[in-house]
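Written below as structure tokens is the structure these notes are about.
When the chains are written out, they are named A, B, C, D, E, F, G and H in that same order, and each has its own residue count from 1.
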């Protein structure tokens, strides 16, 4: 069976502004997504079930975004063998450094793939998930290449404009 | 039923040096302890069961020590209503600041009582657990008072000695 | 005698916005509170008296919130054997990291139970205090369970809504 | 064509102690590896060529370990569409916090999958790479499951031993 | 041939507010500038070409401003022997500390001359570039001296005004 | 009455290595010292009494050295109007950054004069105390001038030696 | 001769908002002040002269406030034997942590008395200066005592009000 | 007149281990050096004179290495218009982060070119100085190119060796 979907989980309703662009980006690549709210601390059973059933539901990559002592990605990773991407969200007063360390500093044995803090990280999480899925999906691989070409063109256009000033 | 035991969980065999003094301190107060190794990431089911059955096994307070992105205390707290004390352990290169933030910065709803980093924190975790249990245990309360009196005397003795130099 | 009240002390009038939710949460659990302003540095005698008389006034847990070099929780802990919960408040330019370290890094012997920085920490302080008091109060234990069930339901509801988008 | 190899690049000869366990872990999973030294700053052309030709050489995932202002993973990611895992190495006086931020805080558009600092991170990088490749390799998937089962058993064994003390 | 121009490169269109004052300052010194947008990650080939051809195009100093894991200055430095000045830009939630460490902590062999974070750093980058070029340009040296004299006078004027209050 | 003595208080017997040089420096200036061990948390009554009676005992400046969440200087300052100098001691795993912030970030109203972390700070505390007392002690003022002249000569001598290499 | 004045120096015109309260506080104590703008980097000769002539102009304490890499207090201290109080000002993006470390971490031999970051620190600098001058000024000593009594009363009043809610 | 010498100043005799490689590197390039010990705080007059006379003594670039609140580079920069390179030295307990911020975060107007912390930074300071001087010295430019070619070859050799393992 193919696992080509991406599950996006966030720890709280308030994380939607940060995580929404990840879904938009994935849909832009033609990747099917599931968007869920589940808290490692308040609804641990939901998190566990989401993680344990993900592979069988056709999910290939899980993106987990959380703030504060962000345990969500790590807890998901403890219940699945799918690659888990963690997005640290700057919800507390500490600018996201707490969420970053809680996400990236996993002890040996259970990895999380951490991306940068906040919305830029969420966007990159989507691209990273697509890069992973593209390993066995030639069409997606081409859409990724087209996306990068667009980015390049965008930067070059800005460069041409500023060079004239 | 009375819950007068303390469960001490650590995330890895290598945490024993840091956590052992917590047990010694509790036994010094005459408090019964359970010492366990369970990892939030490698044996999440064991952690869950330990947490969910703790209250029924006569445990009143749980002390959880972990390093790196220390999720152990938070994950335990998500499965019990007992007070959970978290000891951040400086296992990674970051001196324990990762474990501290992963332990203390819990999102609203599921608290962890964090103490300081490493062995000084582990000792304080034991005293804090005893203070909590002493609320309904007059004998323990007196042993705690005696312990503090000893500490006071120890500092005063050191003071007398240094004053003479 | 029963000690079932919670004393909430804050270091300055301006801390009220952060600490008020702790009181509201405790009252929601039916726990009686005392709300006080006392400064470890400006009114140390008041702090000392509050701490020394707390147990006799029927207080079981003390919550202390302070900013800057937050000494309040530690100073209270030095004058009582009751469990003291410290809430670091982000009053200075340093986002609360100064208050966090001043609260949590207690030297061995006199513990403080630190929670997270700011209002999320204050809310958790209230829940933690309730968890401690619930060890010998079955009714409170049930109210805590109901509160957690509500939180679970709230997250599940948000999850159902977002799943449809 | 299948891309089932893992390219491990490190920025300096002195990183070998940290990165070697990543290769050992991958070989333990039966995954073919290429081990290379290439510096984003001293041999940028080598880095570029390694990245640009990786996919055609049958490589599916790239692991890049570097210290100081660790640009290696990001520079590789700018020259390939394969998933790139970055291992921050604590070579400077700053304990690896410089390498971590240089690796994980990628601007939007070009993701790096960061793991923890140093050897624990290197081990996790290997497991993460295996998890990614396992998405289209049932045999590897089973070896990963067996590896995790062993880890679980190891923790449980340590737990049994400590419980007796 | 004389190399008396300054190339100013920034990683993204949004960096213009921070970097524009560097150009203005250089033009105030009568130094010719090239203003370019090129991203170490999105348009690495443009960055490489800009760096490799800079010396032949009459450029003596390169100023590179970037945010997040700011690799731009280091990547440029890997492709040229001209002095490269790096301006860390506070684009992420981390106030520029990520960009600072990514810029300044270069491994031995390929130096970057880092200045302070954000616009104050950008202004200083321009003055530093002028100081370098002034080593072989007497006229510029005098304009720099005049500029500093003006600064001195400005501070003295503010001092005279405040002394009267 | 003249207050020309310096009271040196440290929070723990183990701080003696750091604080001893402060006393030696003061005695080198011919200033009488009192050396005491008193803990803000374990012997708060001793601290209070030391602070409250200091002025009447002929003490002009108080130096307080402590580690962890270093409350000692602040607590002393709350009980006296004498100038209090705080020396942050790196006793915990956090290199003294916890002690520094706990010492220097005093809320408005009760100042502490913080010096640098550890033994260099302790030496400077002694010199600062001497500078304060020298305001009304011409002889001490001259001994301070002689001390500085010696320092100058020492640096100049090292300079002469290195210049020859 | 008596040195009873306080010299307040700030590094830039923009520091006036932070430093003004220091002067107001000193004037409230009846202490004569000199308010100056002088930059360790832009007008080093002015700084040197201010420092070297301060004692002869009847100044007893110098307060120096500066932001960024705040060298002002340290440079002043290198040119005088008067006690120098440093106020770190949060002018850069780093919230004042750069100014704090640049002020407090003086190498052994030349102390600076650092207070907290920003306006709270500036207020405390004024009180600290007054405490130093009060060592030989009984009237000032009494005004300080009255000031503290007022603070105490203010906190007690706020406490009475909140106790009623 | 040509200014082709490099002045290397360090704040203390103990900095020699860190700074010596800078001199060795420069001599390897055939650049004449002056090695001096001068302290911004203990011998400010020496620092001032070194800086003010440097240009006339044929010096083109100044390298300044210092630890703690490292003011040396900034103070030198305030007394000369030559480019000043600052090397932060990790002398204090804070791993050099204090020296880094004190060196790099210069306020606008007086730039310092900061390199990385410690010996790797010192080596890079030498190369950066050579790059600056090479702008008007074709022979040096060629020696720099040869040096870089050697570095490239060294990395490639290590790569060849590791590829065989």
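Just so it is clear, contacts are C-beta pairs under 8 Å (C-beta built on N, C-alpha and C of every residue); 3 or more make two chains touch, one makes a residue touch a chain.
Predicted model only: the values in this text are computed from it and were never measured.
Enquirer: Could you name all chains that are in contact with chain E and with chain F at the same time?
Expert: G, H
Enquirer: Superimpose the Cα atoms of chain D on the matching ones in chain H and note the rotation angle, 0 to 180, in steps of 5 degrees.
Expert: Angle of the fitting rotation, chain D to chain H: 90 degrees.
Enquirer: Please tell me the distance, in whole Å, between the geometric centres of chain A and chain C computed from their C-alpha atoms.
Expert: 35
Enquirer: Round to the nearest whole Å and give the separation of the Cα centres of chain C and chain H.
Expert: From the centre of chain C to the centre of chain H is 51 Å.
Enquirer: As a quick test, compute the distance in whole Å between the mean CA positions of chain C and chain D.
Expert: 42
Enquirer: Of all residues in chain F, which are in touch with two or more distinct other chains?
Expert: 12, 39, 42, 68-69, 92, 94-95, 97, 104-107, 109-110, 116-117, 120, 148, 151, in rising order.
Enquirer: Got a list of which chains touch which?
Expert: Every touching chain pair, ordered by label, is A-B, A-C, A-D, A-E, B-C, B-D, B-F, C-F, C-G, D-E, D-H, E-G, E-H, F-G, F-H, G-H.
Enquirer: Once bound in the complex, which stretches of chain C touch chain F?
Expert: Checking each residue of chain C against chain F gives 11-12, 39-42, 44, 48, 66-69, 71, 74-75, 77-79, 91-92, 94, 97-98, 101-107, 109-110.
Enquirer: Sort out for me which residues of chain H touch chain D in the complex.
Expert: Touching chain D from chain H are residues 90, 95-97, 116-118, 120, 148, 151-152, 155-156, 158-159, 162-163, 165.
Enquirer: State the interface residues of chain H toward chain E in the complex, per the touch definition above.
Expert: Answer in residue numbers: 3, 60, 81-83, 85, 100, 104-117, 119-120, 123-125, 127-128, 131-136, 141, 144-145, 148, 151.
Enquirer: Once bound in the complex, which stretches of chain F touch chain B?
Expert: Residues of chain F touching chain B: 12-13, 16, 34-39, 42-43, 46, 68-69, 92-95.
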